[in-house]
Each structure stands twice: as C-alpha cells, then as structure tokens.
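Below, subunit A partners subunit B and then partners subunit C, in two separate complexes.
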Partner chain A sequence: MVSQHGILLADNIISDHFGPIVSKVCGCLLRHGALSLLEIVRRLELSPRQVKNSLLILIQHNCVQAYTSPRGGGDKTVTLYLAIFDNVLHRLRFSKFLSVVRVDIPESEVLLEGLLQNGRLTFEQLVERTIFKVPEGSPLPTREEIRMNFNKLVYAHYVERCPKPEPFFDPLAVEQPTSTRKRAPKTVETVLSLEQKVVCTAALSDAERFSQIPYLMEGSSSANDGHHAVAGNKRKHEALEVDEEDSIIAESEVLWRINFERFIFCLKKKFCAERKKAKMRLGTLAIWEAFFEANVTNNDNKTVTSPIDGILERVGQKEGGTSMTLDQIISVLNDLECTSTTNNPEEFTFDLNKLVETCRNDEIESLVKKKHGQEAYTIFRLLLKQGCPVETDEITDRTILDKQVVHETLYKLWKDEYIDSEGVGLVPYRHMHPVTTPSVVHLSVCYTLDLLIKNLKFKMV
Partner chain B sequence: MPPRKRPAPPPEEPSPSSKPQPDAQPSEPSKPSPDSEQPTISATILAQLPSQERLAYKLIFEAGNKGMWMLDIRKKLLMGPNIATKVVRTLVTQGLIKEVSDVRHRSRKIFMATDFQPSVEITGGTWYHNGRLDTDAVTTARRCCQAQVERLGAATAQMIHHGILKDDPRAGYTIDKIRDIIKTMVLDKVLEEVKSTGTGEFTTVRAGTMCYRLVTGAPQGGMMEGIPCGVCPRIDECSPEGIISPSTCVYYKKWLQMDF
Partner chain C sequence: MSFRGRGRGGRGRGGGFGYDHPAKHAPHEDFPDITLPEMKCAKASNEEKALIVSTLKLEEFWRSSCYYLEEDAPKKKNEDKEIERFSDRKRKTQSKREALSLYLKLSPSNFPAELVQGSRRGQASNKKLRWDKDSDEQAFEVFEKLEQKHKDGSKVEKEGDDEDEQEEEEVQEEENSDDDYNQNIEFDDDDDDWNQEEEAQEDFYD
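And now, the complex of A and B:
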C-alpha cells in the first residue's frame, strides 16, 4: 500500500507533466486501488470522456495498467484500471535513464528520448520522429540505420514490447502452487501486492518482450518487383514473404516502451559499485572494479554476475593486478560477498538488493544518530540487527545503557515512527521493533522532491 | 587445597558493602547458589518476634534473593500502609532485613532478608553500581577492548579477554562481560564482526572463527541527514499548505542555494 506522502508526490508529478485532470484520475486510482471507468467517473464527478482521455494518457505513459476481471457470479467481466505507482515515480528518473544510454549506446539516445517523451510508440512512429528531429543540413539517417540502433536498445533490454493491453486477472482465484514456487524459490514466501500480480499477468514472456525487429533479407525489396521466381525457389520466397510480413507488423503495429526494470538495475549497479569503493581495503579496489567491468548481461535484474576469466583478464590490466594470484582474487571476491555456486564455480554473483538494503539501513541509522544521538543509534541498530521485536529489558541488557535513557530514547524513536511497539498479552513491557520500510524517509523524500518540482521547475525530459 | 565449602551465612552480618565489586574474580561463588545451599530461616529469631513482624519477616525471607516490594507485602499481609511501614522499619533496625534498590524499578522499595545477596536481576549485574549504570566502568572496559583490537588487528573475543587480563590482571573481567562489551561496540560500528579467512590480517586467528576488527573508513550514509527535512524537529507539523511549509522553510532555501 502506498503511503499518503507517496500518493501526494505521485499526484504532483502527474499534475506537472499532464495537468490537473489526469492527476485527479491517477490520484483516485492510487487511493482506491483498481477501479472501473464508471467507478472513477462516479467518484470524481468528471465527464466520462474526460476520465477516458485521462486513462488513455496514463496508459500511454505506462502509469496505468488495465485488466479484465470477472464480475458477479456469471461470465460477465469488467475492465479495471490500476495505477502503477513505481512507474509514476520513475518519471523523475528519466534524465538518469537517458544518461545510462548516453554512456552505453550513444547512437540510440535519440530513440530512447522519443520513448521517454511519448511513453509507447511503434517503430514507424519512432522513425518519423527521428527524421523530423534531425537538424537542418545534417544527413538524414536511413531507416536501416535507425532499425539497427533500435535493435541495439532491444538487445540490451533497454526497450521492450509493451505488456498485454488488457489481460484477464481474477484476484480471487487461488494461486497455483507451481506459480508461487516459481516466484519464491526459497522457504520465504513473498506476498505479492495486487499491483505486482497484475503486472506479472500482463507481462509477456522474455522471448516476446525482447524480440527484435527482424532484418529484411538483402534483395527482398527487389523480390517485390518481379515475380519471376523459379519453382525451386518457391519455398525460400515464401519464407521471405513471411519475414517481410513479420517485419512490417513489428514496425508499424507493435508498441514499444522502455524497460524500467533494466534501467533501475543499471542505476543500482552503478550506485553499488561506487558505494563500496569508499570502504575498500588496499588491493581490493582493482578486483572490485574488474568484477563490475567483466559483468555479463543476464536477465536477472537483481544480481551482477561475472565469469572468473573476465575478472582475471581485467584485473591483469590494472595497476598491480598482474602480481595477484587466482586464490588471492577469489578470497577477496568472497570477502566482498561475491559468491559462486557449486554448480557454476566459474561465475561470481553479487546481490545488489542486499547492498541496497544495507545502504538504506545506513541512511536511516545516520538519520537516527544525528537526530536522537548515539544511544538511539545503538538501540536502533540492535533492533535492526535482530529483525524481530525485542523486549525493553532485553534492549537495556544488550546495549548496556541506562534503563531510564533506554526508555526515553525508545519513546522518542517511537514518536518519530522509527520504531514500532507492540504489547504482549498482559506483560507490561513492550516489544520494540524497527520500522525498516522507510515511511519516515518517504516523508522527507516527498517534501524534498515536491519542493524541487515546484520551486525549481524541475521538468523531466 | 581442601575443597572450598560455602560458609553458612552469618545471620547477624549484613555485609552491605560487598556489592560494589561484582566483576571481581571470585564471581562464581557469589552467584545464586542451588536450593540445597540456600539459607534457612532461623526458628530462634522467629520465636523472638511479635506476631506481625514474624509474618512479615517470614514472607520477606521466603522471597529469597529477589526481595519483596512494599506493596506486595501490604497486599499479602492485608496491612494498612502505616502499620506495614512500621513493621518493616522495626525489622530493618533489628538488622533482619535490608532495603535494596531494584535496577528495573528504581522507585520501588524492595526489602530482602539480610541472609541473602540481591540477585543479578535486581542489581543489574556487573555494570551496575548501587542500582545505577556505572558508565565509567563501561567506558573503561570499551577502551580496554579497543586498545587490544588496535594492538592485535583482527582478534577473537578470547584473544581480547586474554590481552586485557595480561595487561591488567586486577581488572577481573569475565569473558562473558567482554563479549557483551564487544557486542555493543559492534552495534556502535566501532568494531565489525568478520569471519577469519586465516590469511592476511587474519593469520593469528584460525580460519572460520568469528573475530573482530576495527571499522575503517568514513561512516557511510548521511545523504538523508544532509537534507534539512532529515533531522527537522518540526517535520510532523510541516505540510505544503501549512504555517510550517517546505516552500517557506529558510533551512531549505539555504540548502538549495548551496547545491544548485
């Protein structure tokens, strides 16, 4: 569930980018969850046309996902609209997304810009836009060139085919055990929110999502001219026609959009690589950098994986790297929490989410320290480390702090919503546990961004 | 050397000043003893006491080293506050019971038979002195641990403990107490807990054992605390349209001008 401050921020972003009416519709969906067109109209007292147009804009910009859901007991269905909160917030990161591509595939930047500005486009529309944007006097890029640049974006998973426009999703249907096992491979069963479930249902398979626009075979255009095909060549000719048809469909009918997950992964990766550098011990920095440079593209957006050969090669190129032995490098990699599995000892994997979680905790800890002092910091860290409610007396014992101080500090932390407390039966002591989902951070972030948007005319691309 | 036998507790000897050195070496014998060695109530003393005092003394004696709260005494004996105070005071002047302070509930008056030593639950343990946390003792212990880790590099709790005892045999910290102190230092990010690899800086520690080393480098984090809202005491009263508002906040303006 999105916090009130989060909704406020999302409202402001949409209002700044698309105006007040669209923002009203988006805010309504964020506050009330999935709604049908009629329900939105009733709640907002806007005309159906206005709501419909707003929804179209929101869908076009990937902020809303529509889905069909059963209504009543019969076969009747209703189309519901669900706001995708994360995608709204991603709008603030568009300039960062552009900078990622600027470094990686500079020639494709203009194409990505088109997708960021317009949300969803067909390749045909992208070509028109690109040609239109070319400054006067410069040579016009050929369609083949644009296609090549576009396919590079698809190949790097920066761009994907849009999800299903209106998948069927029944929230009451019991989930099949196989699907849950697939999502949660370990014993911890992750509970997915409605938003995540709908997004999962709408998503295409990876093969579909990232299938590039097929290249036309050389001379295929000339094949259109004359039909003097020899009988033996008939099969080949048919195949060519199918390819051509596919290509035309992929170019003019398939909608494309940016792949948010991939960009978030790139930004996380960059952040993690930089973040750890500050605490590196002597000699480990080269290995850390080599690990990230040797990263192979994988579909997993949570981990960075590099083969040991690649790491070795890059370590060798660095200063002092030639003198390092394989054992040394492996031990440093293990120390840096880059692990290899027994199935594949040649590849090392680093969990980005784990580091991001640690960094998030570091941030909150430093806030607690600055605001409430050293004692609060110690107590907060203890609660965070335990990861479960801890009794007040146990906190006193384990932190070796004065009982009075502990009580006062716990109250201050609780008042500021850094920690939560729960009573246990009739026991007068309270169990304290930290609020790690940063509702407090949200609060400050909201205010910060809100002001940035309002005062500095912080416009997105 | 003959086996040390626990001496029978002298009934008339209150020994009030024996508490302040709980972390000294002979900590084991001073621990709460098993039931068999518990002091027994003296029939002669009971016989000498008037009825109300006898009941109160019996009750407090049965509570053992945990003592009894004044309110509980009153409730159990169905006495009025004045009478109860008088009875208890008589027993205290006779040297049969003593008043102890409970570290968990400082305002409570706890009474205990003089035959018993207050339990760790009541005294708070090593780091407490007269019911208050002995911050000086804690600071000294932390400094000792840090000095050992600085000297040894990566070290296990046993190594740190051993080092402290070697430097100052009179310090008399037990290994458990050192472990407690190290754990608070880990929480404060003075030390960090790492698994030894047996090579490099861990050569003195067996591979695979948990050891501690000093945290190096500047503390990470602090992006949020740089934002004025991060540490704002008025954040709860702040709203975009309120009297306290981000758009009129002077700290915010100052911060934005600095960065942009």
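And now, the complex of A and C:
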C-alpha cells in the first residue's frame, strides 16, 4: 500500500493535470487498492458517467491498469481497476524524458512529446499531429520520414505497444499463466506486490512490445505479390515480410505509449555517472566515463554492462588514461563496483539500483540529522542498516546512548512518521507493567520513500 | 511583580555577574540592511530552464485539453432568470473543451468493455483535431497583427489628409452608427429582462 504522503502527492499531480474528479477516483484507488466500477461509484458518490470518464482518462495516461478477476465461485468475473502509483509520480519527470530523447534522437522529439501529452496514440494519430504542428511555410515531413523517426524510438525501447487492456488475473492462484511472457526472471527472489504482478500479467512479450511498424514500398501492387520490399535504414533492420493488412492494423489500431522503465533507467544511469564524478581522480574519472560510454544496451533496465574492449578504446582517448595498463583499469573497475562474472569475464556490470538506494539513504540520513540532530541520525542509520525491526533496548546498547535520550529521539522520529513501531505479545506496550514484563517494542524503519516524497518533491531523479 | 523587577534590576546593577548591558539609545532604523538569501532560480543553467519551460508547457496543455474533467456547474432553472448576471452570459461564449471520444480509441481492444459500452466507436474522421492549443493562440496573434495593420493603415490615411478617405471613413462611421441606432430603436429598455436574447446577439457582433 502507498503511504499517506505518497497518496497526497499523487492526488495533487492528478488534480493539477486532469482536474478534481479524476483526482478523487485515482485517490480512491490508491487508498483502497483494486476496486470495481460500482465500488468506486458507491464510495465517491459520483455519477457513473464521471467515474467512467475518469477511468478512461487514467487508463489513457497509464495511471490505471484494469484486469479481470474471478468473483466468488463459478465462472463469474469482475473488472477491477488498480492505480499504478509509480506511473503517477513519473508524470513529474516527463520533461526529463523529453530531454533524454532530445539528446539521443532529436528528430523524434516531437513524436515523443505527442505520446507524453496524450498518453497513448496510434501511429496514424501521431502522423496527423506531427503534420498539424509543422509551422506555416515549413516543408511537411513525408509519412515515411515520420515512420522512420518513430521506429527509431521503438528500436531504442523508448516507446512500446500498450499492454493488454483487461487481462485475467487471479490473486489467489499460485502461478499465473504467462506463456507469452519472457520478462519474468528465472529465480524470483523478492515478493512482488499486487501492482507488480498485475503489470507483469498485462505486459506483452518483448518481441511484441517493441515490434516496429513495418515498412512498405510506396506504389507497390499488393494484389499479386506475396512479398513486399522493405526499405533499409541506418540501423540495419532485417527485412520483414508483412501483409498490407498487418501494416494497416499496426498504423491505425495499435496504441503506443512511452516505456517508463527505459527512461527511468536512462535517468538513473545519468545520475550514477554524475554522482561519483565529483570525488574521482583524473585517471579514475576517465575509466568511469569510458565505462558508461561503452555501455551495451541492457534489457533488464537495472544494470549497466560494458565490454572491456569498448572501455579500453575509450579510456585511451581520454586525458589521463593513455598510460594505464589493462590490470590497472580492471582494478579500478572493481573498486568502482563494476564486476565481471566467471561466465563472462570480458564484460563488466554495474548495479544502478544499489547506488541509487545508497544515495537515497544518504539523503534521508542527512535530512534526519538536520532536523533532529546527531543522536537521531545515529539511531536512524542503525535501523536502516539493519533493515528489520530492532528492539528498543538493543538500540540503546548498540548506539551507546542514554536510555532517556533514545526514548525521546525515538518518539520524535515516530511522531514525524520517519519510523514505525509495532508491539509484540498479547498486551499493547502502553499497558505493560515495566517491572514484570520486558520492553518488547519493536521498531522498524517505515517506507523510506515516504520521507523522500515528503521532503524532496522537486528534486526527483 | 514590580518588587521582583526591582530586585532583579538591583542584582543586575550591583551583582557583578559580568552581565552589564547599559541601555543604548540608538535611533530606530526602518529598513536595516540585511543580507538576503542567495537567489538560485536566476542561476539556473540552460538545461534547467529548458526543463522548466517543458514542464510548464505540458501542464498548460493538460489543463486546456479534453483530459481535464471539470465539475458540472449547477444548473440554474428559469426561476433565476431575473437575477441572471452578465458574467453568466459571457460564460456561454467561452471555448468548450473537445470531446474525449475524439482522441481516445474507444474499443474493447484498448479499454475494458464496460467503459466503452454504448460509446460510439471511432471518431469522425473529417473533424480536424486541435492537437495543441498553442496553434490557436498563434492564430489569434495573426488576427491581432492584422487588426494592428488595419489601425495603422487608417492612421496613415488620416495623416495623409485625403478628403475622400475621410469621407469614406465618415461614411463608414455613419453606417456603423446606423447599425447602433437601428438596434437602439428595436431595443426598448436596458432593464427589460425579456429582451435579453437580443442583448446576447448584440454582444456577438464584436
């Protein structure tokens, strides 16, 4: 479940962009989880028409995913709507997404802007919009030019085909039927939330998600030919044999949207690259920059992988890197936490999420220190490092602070909702006799993103 | 309380704690110089400015788009006709938002079936969509420029002292005044509520 601060932020974003009615619907879904249309109408006391339009808008802008779930016994099913909290927050990053494409594929920026503004569009709609936006007197782009620019976005995985509108998902089932999905990892170590499971269920396979719009030779007769010639492009695409009907469907009926994962990966990569630069020496900086420049496209969107040959080539071109040997470079890469595996010793991988989480924790700890002082910082850091509930007495022992100070500091942090407490045993903490029963208040660090959202609303990566 | 005050004062004066601050009568300064905090927004880099402009543009688009659902205004019945305000009439002339169905592909292959039931599938292909409100503003700018050119043109003609043109302008003014005069003839009383429809038409001639 999303924290209260997160819900407030999401409410504000949706209210600013789509108005108070849509914001009420989205907020209701965030607070209560997946709900059916009737339940939303009943809870909010809005008219069915208003709720339907709100859901249409939220689905159009990728903030809600619908799915079908069994209802009771038998074959009856009900359509439930689930808010995608991360996608709501990503709306604050749209201008950064545009800047990524402005640098990488500037000729496709207008197309991406259309998808950001409208959520989901067909290729036909994008063509119409692009032509509409051309200033008077400027030459109009051809349909093939627009298709080429659009396929560049698809090839780079910046845009994708929209997920299924209403997939079947049974929360009680052990394993979900995902015969077409290839994105699921082989070993699932973490427990996925309902939101993640629904999103995975709705997602198309990678081959389908990033299937480009096929090219057709203009003026070719399609009546007798079974094969169509394909126009080549700079990125060396394979020839596709497609029917004209498939092409028409791909252009006029398939909805496209931006691929949030890809953009977040690009922003994290940029953040991690910049974050470490300030403290690096010249030689180390050259290797770090070369590592990111030699990055091979990753499909997992969590790590950056670069081949050693690419790294060496780029290091040699940089100042301070010409005289470095292979062993020195490998040693520096290992110090920078760029690791290689025995299966693939020629490639080095860096885990972005690890650095992002470390930086996030550092930011939060500095905020706690600023607001509540050194003792609070010490206690908070201990709880973060543990990652699990810690008893009050243990906190006192490990931080070597006075018991009274620990209690006061814990109360201050709890009051500000930086930490959460949970009691263990049959009797609540307040009612336990301090002499006969030991203190069994367990403390756990609450969702750290809560604090990040509260204090860092405008400093998102 | 006064005793305590005196006592404290006595202790302070004679106590020798080192706490001796004789009162200084300094002239009152209305606006003393203080160092203001550093202004960060003016030092934004070009990249940050581009991000801000981009964000504002997106937010402006959404606020004026068909995706922004407004609350339905309470319908006023005819019984309130007597106290209908001028601003209520003005509201009718404001541009309405486009329909959601023009931009959304409302079909069961894109949205849940229960949301698209009853809605007409596909959009009117002949209708030209207003993809960006900025283009409308540009159109208004063009009209403003044309109006300015027209005004400038009329000023130049006056400065040229061309009698014919003046006569034409006078004729035009007379014709305009004829229109106003005619309307006033038909229009009996400004306070007559039953002639409000004619008033609305009068507004449109602008």
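As a convention for this text, the second predicted complex is superposed on the first by the 330 of 461 C-alpha atoms of A that agree within 3 Å, B and C clash if a C-alpha of one lies under 4 Å from a C-alpha of the other, contacts with A are read in each partner's own complex, and residues count from 1 in each chain.
Note that a residue touches a chain if its C-beta (ideal position, glycine included) is under 8 Å from a C-beta of that chain, and two chains touch if they have at least 3 such contacts.
It should be emphasised that the depicted structure is a prediction, and the values quoted were computed from it without experimental measurement.
J.: Considering only the touch criterion stated at the top, classify A:370 as touching first (subunit B), second (subunit C), both, or neither.
T.: Only subunit B is touched by A:370; subunit C is not.
J.: With the two structures laid over each other on chain A, which partner does A:337 touch: subunit B (first), subunit C (second), both, or neither?
T.: In the superposition, A:337 touches no partner, neither subunit B nor subunit C.
J.: Of the partners subunit B and subunit C, which touch A:59 in the superposed model: first, second, both, neither?
T.: Once the two structures are laid over each other on A, A:59 reaches subunit C alone.
J.: Tell me the contact category for A:394 with respect to subunit B and subunit C: first, second, both or neither.
T.: A:394 contacts neither subunit B nor subunit C.
J.: Could you pull out which residues of subunit A sit against subunit B in one structure and against subunit C in the other?
T.: No residue of subunit A touches both subunit B and subunit C.
J.: Note which residues of subunit B are touching subunit A in the complex, please.
T.: These residues of subunit B touch subunit A: 103-104, 106, 125, 127, 132-133, 135, 138, 180-181, 183-184, 187-189, 197, 199, 216-225, 227, 229-233, 235, 238, 240, 246-247, 252, 256, 260.
J.: Please give the residue numbers of subunit C that touch subunit A in the complex, ascending.
T.: Residues 47, 50-52, 54-55, 58-59, 61-63, 65, 67-71, 100, 103-106, 108-115, 129, 131-132, 135.
J.: Report the residues of subunit A in contact with subunit B in the complex, numbered from low to high.
T.: It comes out as residues 8, 275, 278-279, 281, 331, 334-335, 359, 362-367, 370-371, 374, 377-378, 381-382, 385, 393, 397-404, 441, 443-444, 447-448, 450-451, 454-456.
J.: Which bits of subunit A are touching subunit C when the two form their complex?
T.: Listed in rising order, the residues of subunit A that touch subunit C are 16-22, 37, 50, 52-57, 59-61, 66, 79, 94-96, 98-99, 114, 116-120, 122, 125, 128-129, 132-133, 162, 165-166, 253, 255.
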